[in-house]
Amino acid sequence: MLVSVAAPEGEPMSRQSLSVNRRRFLQSTALGAAAAAGVLQAPSVLRAQGAAVKVGILHPVSGALSYSGQQGRIGATLAIEEINASGGIKALRGAKLEAVLGDAQSTPEGGNAEVEKMNGAGVAAIVGGYASGICLAASQTAARYDLPYIVDVGVVDSIVSRGLKNTFRFGPGFGVIAKTAIDNLVTINDQANKTAKTVMIVHEDSAFGAGLAKLLNTQLPERGFQVLETIPHPTPTRDFNNVVLKIKAQNPDLVIPANYYNEYVLLARTMQQQKVRPKGIYSVLGGAASSYKFVKEFPEAAQFIMDCNHWFDPKNAKALELKKKIEAKGEFYTYEVYMNYSCVLLLADALERAASADRDKIIAALESSTFTGHVMPYGPTKFVNGQNQGAAPVNTQVVGNDIQVIFPAAFASAKPVFPMPPA
Amino acid sequence: MLSPVILVPAVLNGLMTGAIYALIALGLTLIYGVLHIINFAHGALLTAAMFAAFFTFHWFGIDPYIAAIGLTPIFFCLGYVLQRFIIGPAAHGEDRNILLVTLGLAVVIENALLYGFRADTRTINLPYAFNVVEIGSAFLAVPRVIAFGVVIVVALALWLIMRWTDTGKAIRAVAQEKLGAELSGIDVAHIYAVTFGLGTACLAIAACLLIPTYYVNPSAGNAFVLIAFTIVVLGGMGSVTGALLGGLFVGVVESLSGLYLGESLGQIGIFVMFILVLLFRPNGLFGEHA
Amino acid sequence: MKGYAPILLAVALLATVPLISSSNVVLNFLVMALLIALAGQGWNLLGGYGGQYSFGHAAFFGTGAYVTAIIQMRYGVNAWLGFVVGIAAGALVGAVIGALSFRSGLKGSYFALVTLAFAEVLRIVASVTPITGAGVGTLIKLDLRPEAFQFQSRAPFYWIVLGMVGISLILARMIERSRFGAYLVAVRENEDAAKALGVDATKVKLVAMTISAALTAAAGGFYAQYYLFIDAGIAYGPWISIEALLAPIIGGIGTVFGPLLGALVVKTLGEVAKLVTGGAPGLDLVIYGGVLILVVAFAPQGIAGIFNGLHRRIFRRTQPAEPDRG
């Protein structure tokens, strides 16, 4: 049953030209790449003058996570275009970056299969994954080939605690996010004369929400908050009326949601409908709480919502330029975009410093990286066991039609409005 | 949690959610009761209908409740064509093949929507979507109350069609005894297609009722399918009354078990009930044939 | 296709693949296809030979996967032993679901739907109980040693899953030739008649379901060892229930090679669709679904059916019509 399939453009195997046709051929399938793998040796071969450096860009662009996957892909490919436009990798005689796009199909097996293909296609490194489950499987497979893997978003702590030398996470993990969220909450609360004492947590029930809720449940009481109830819900959830009823009945000072975009929208709208208005809504990694799309589509429901989430550095010129570019394309400037953008820039920097597309050298370069050319409020990168130490989330709040950064002070563009004014 | 302040609104919420479930299940039960097929494409068709409702509002500014008037016949025709010219012929009459064809159809529809409209979640913002009707301590969203009313009307209409019109009688005849119906001159292929069309038309209405308070993306319809199957079995395959009552019942059960067990574990309530009914009363709680 | 010779031949041929091709892409692809073939053969025993269509084989797959993983991670049991226990656990779940369903006389669509419900219940429970890690899932520690049922290279994984598929093929052939198999088919064709002849239909179906569950659970346990991460959606999600029934139906329901052929064809189709459509999201799956419909329309007996048809035509034998398998 395994019939070998001819390359789509009819490219004969022997002519390994560096045209766009080859990219389409290579980024296609198992069978095509398998044949190619028989020909290509280790990726460090064929480094002709300015030969393109292939970079695997892996995202779940179809399936349940397709929106986030597509946004991530946009950020990554934009970064590659920019790098190529400004002369490519100078240390490699202007070698251009060539994206090998992969669709993880929102499953770990999908991610895994794509990593195999990318490896077969001879990529120097892989960026992406998005979802924790996909990142775990994909980075593990990449580790077999000592293929550098830069995680774009995936937040579970186990991603960087497996002792895999090839895995680097640019953004923060759960542990840091939860701690920062609570620290900042305490500060905001203190500044408002400790007006909030009781809390209810509403979270989605998979890796991301459940993991976060667990951390919050341990740490919040230690910091003087009383958790009235923790409400898990599946993704997707069709209706939040009961959840909101419970919130209404127990009347917490704060509601802490941790869920994906769709559920967050439903929750916020239902709260508005049921006229439930706590003193504050403090989301942690909220799906919509710091989303321009949400603010644009539901301005009333979005007002004064606070989030502790990935966010770009509002004082960074490149970040604002990227924002304009993305919005000019008619897209929303979401975290998947700028995090992937930064990850690709990070990789390019590693390539420059390694002056080679050799995998081990790239890994070494990443390990010693002190990159500042990204657009996140992290400071220079510093990887310990694959985790970027400076990575941290930031607090935002929706005020008017815009999303402002309210914490930390170094990046803030507005003061927190807490407690929320009455409707 | 036992306080009536919470319990009463929860039950009312359950009834309203259940009404939408019932309408979706109505379509499915007709299709199952007559064609004896498990329509895997039901969720994808619902999604397609929701996109249609969304774009009708987005491009033409037509309120979804009005749009339903136009979309219902359109989707009826779509369902008719699908059954008559794709599912029926491809399946060669074998149940197992129908299963695969509807599965294939589901994949095609969902991914065509993904390809055509991308993965973003779309919502519409109606000016009255946040208005509420206050009953005691319960705040009932206006669109959901309207939905409840519409579903009752549709169920009634379908029941009347089944009982009093020639087509309805033909449908019931085919459901009970296909060969006999054929021998008495009924065009079975046509009836099959009409039934499928009716099922799809129900989805169109359900979509218009959902869109004011819900969202749409290429996989939005899938969330409702399993529940719809549960209701179909509960209410008795092919029974319009069964689907309506079953839907309301399931809505309330879901709401209450969500309240007591939490939203995640609460989903179990429906399936456990489903299993129990199947094990002990397989003809459904209202055991009727169409 | 009679006898064991074709099975041994097929397995031997497939076994040579890692020796011919050093491409991990190919191996990975085949491992996944063989895994589905294994799960599908499980489904096939119950659905193809037994005529009882299950929509919830994920229940067994997931049990095999979770038990294998949890036993290793929480109780420090050796991975291989855990794998075996996983299979046993899956078989047990099959026996329980079977006992409940068959004793209540559930058949046809009702049986299919109740299996679906059971799988969903397990999925929901797995997504909230602490022992499975609830939403976070279960991660098997990376430990690339054969003793831990993990390997540096893909090839040993490949041979192991191939071996299991081989066993499942032999098992299917044995059942075909045994009295038990005859009873099973009799129950499929006409349960009442079979009962009238003295066949204990419930017991026969129950045994078939237990074996079926064990095979699919083995696929689940293997999945856990191969990918090292599972959560409720992966273990008990509808995806595997669908793949497990798609492969045998496409390949030829109720035949020994059906699931294997079907799995290879279906997976290859997926890859070809991706090749043809480049990177556009969703388009490859549109083609995949379209081809599926076409296959059903023009080859309703599955791939094996095509072979049989050709066989008949080439040898110009007249044979009685196939019994209605509906």
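Which chain is which? They are A, B and C, in the order written, and residues in each are numbered from 1.
Keep this in mind: a contact is a pair of C-beta atoms (placed from the backbone, for glycine too) under 8 Å apart; a residue touches a chain by one contact, two chains touch by 3 or more.
Owing to the predicted nature of the structure, the values given are computational and were not obtained by experimental measurement.
Averaging C-alpha coordinates per chain and comparing to chain C, the farthest chain turns out to be A. Set against one another, A-B and A-C show the most C-beta pairs in contact at A-C.
With centres taken as mean Cα positions, chain C sits 31 Å from chain B. Per-chain Cα centroids separate chain A from chain C by 35 Å. Across the assembly, chain C contributes 124, 127-128, 281-282, 285 as residues in contact with two or more other chains.
Those residues of chain B in touch with two or more other chains are numbered 111, 114, 118-119, 218, 262, 264, 267. Those residues of chain A in touch with two or more other chains are numbered 61-62, 66, 69-70, 205, 232, 234. Across the complex, chain C meets chain A through its residues 21-26, 28-29, 32, 124, 127-128, 134-137, 139, 141-142, 152, 227-229, 231-234, 239, 261, 264-265, 268, 271-272, 274-276, 278-279, 281-282, 285.
Residues 32, 36, 38, 86, 89-97, 99-101, 103-108, 110-115, 118-119, 218, 226, 229-230, 233, 237, 262, 264-265, 267-268, 271-272, 274-275, 278-280, 282 of chain B touch chain C in their complex.
Of all residues in chain B, those touching chain A in their complex are 1, 3, 5-6, 9-10, 13, 17, 111, 114, 118-121, 123, 125, 130, 132, 139, 141, 213-215, 217-220, 223-224, 255, 258-259, 262-264, 267. Only residues 1-3, 5, 8, 24, 27-34, 37-38, 61-62, 66, 69-70, 101, 103, 107-109, 112-113, 116-117, 119-120, 133, 136-137, 140, 143-144, 156, 158, 162-164, 204-211, 232, 234 of chain A touch chain C when the two sit together in their complex. Chain A makes touch with chain B in their complex at residues 61-64, 66-67, 69-70, 205, 231-234, 236-239, 241-243, 245-246, 249, 261-262, 265-266, 269, 272-275, 293, 297-298, 300.
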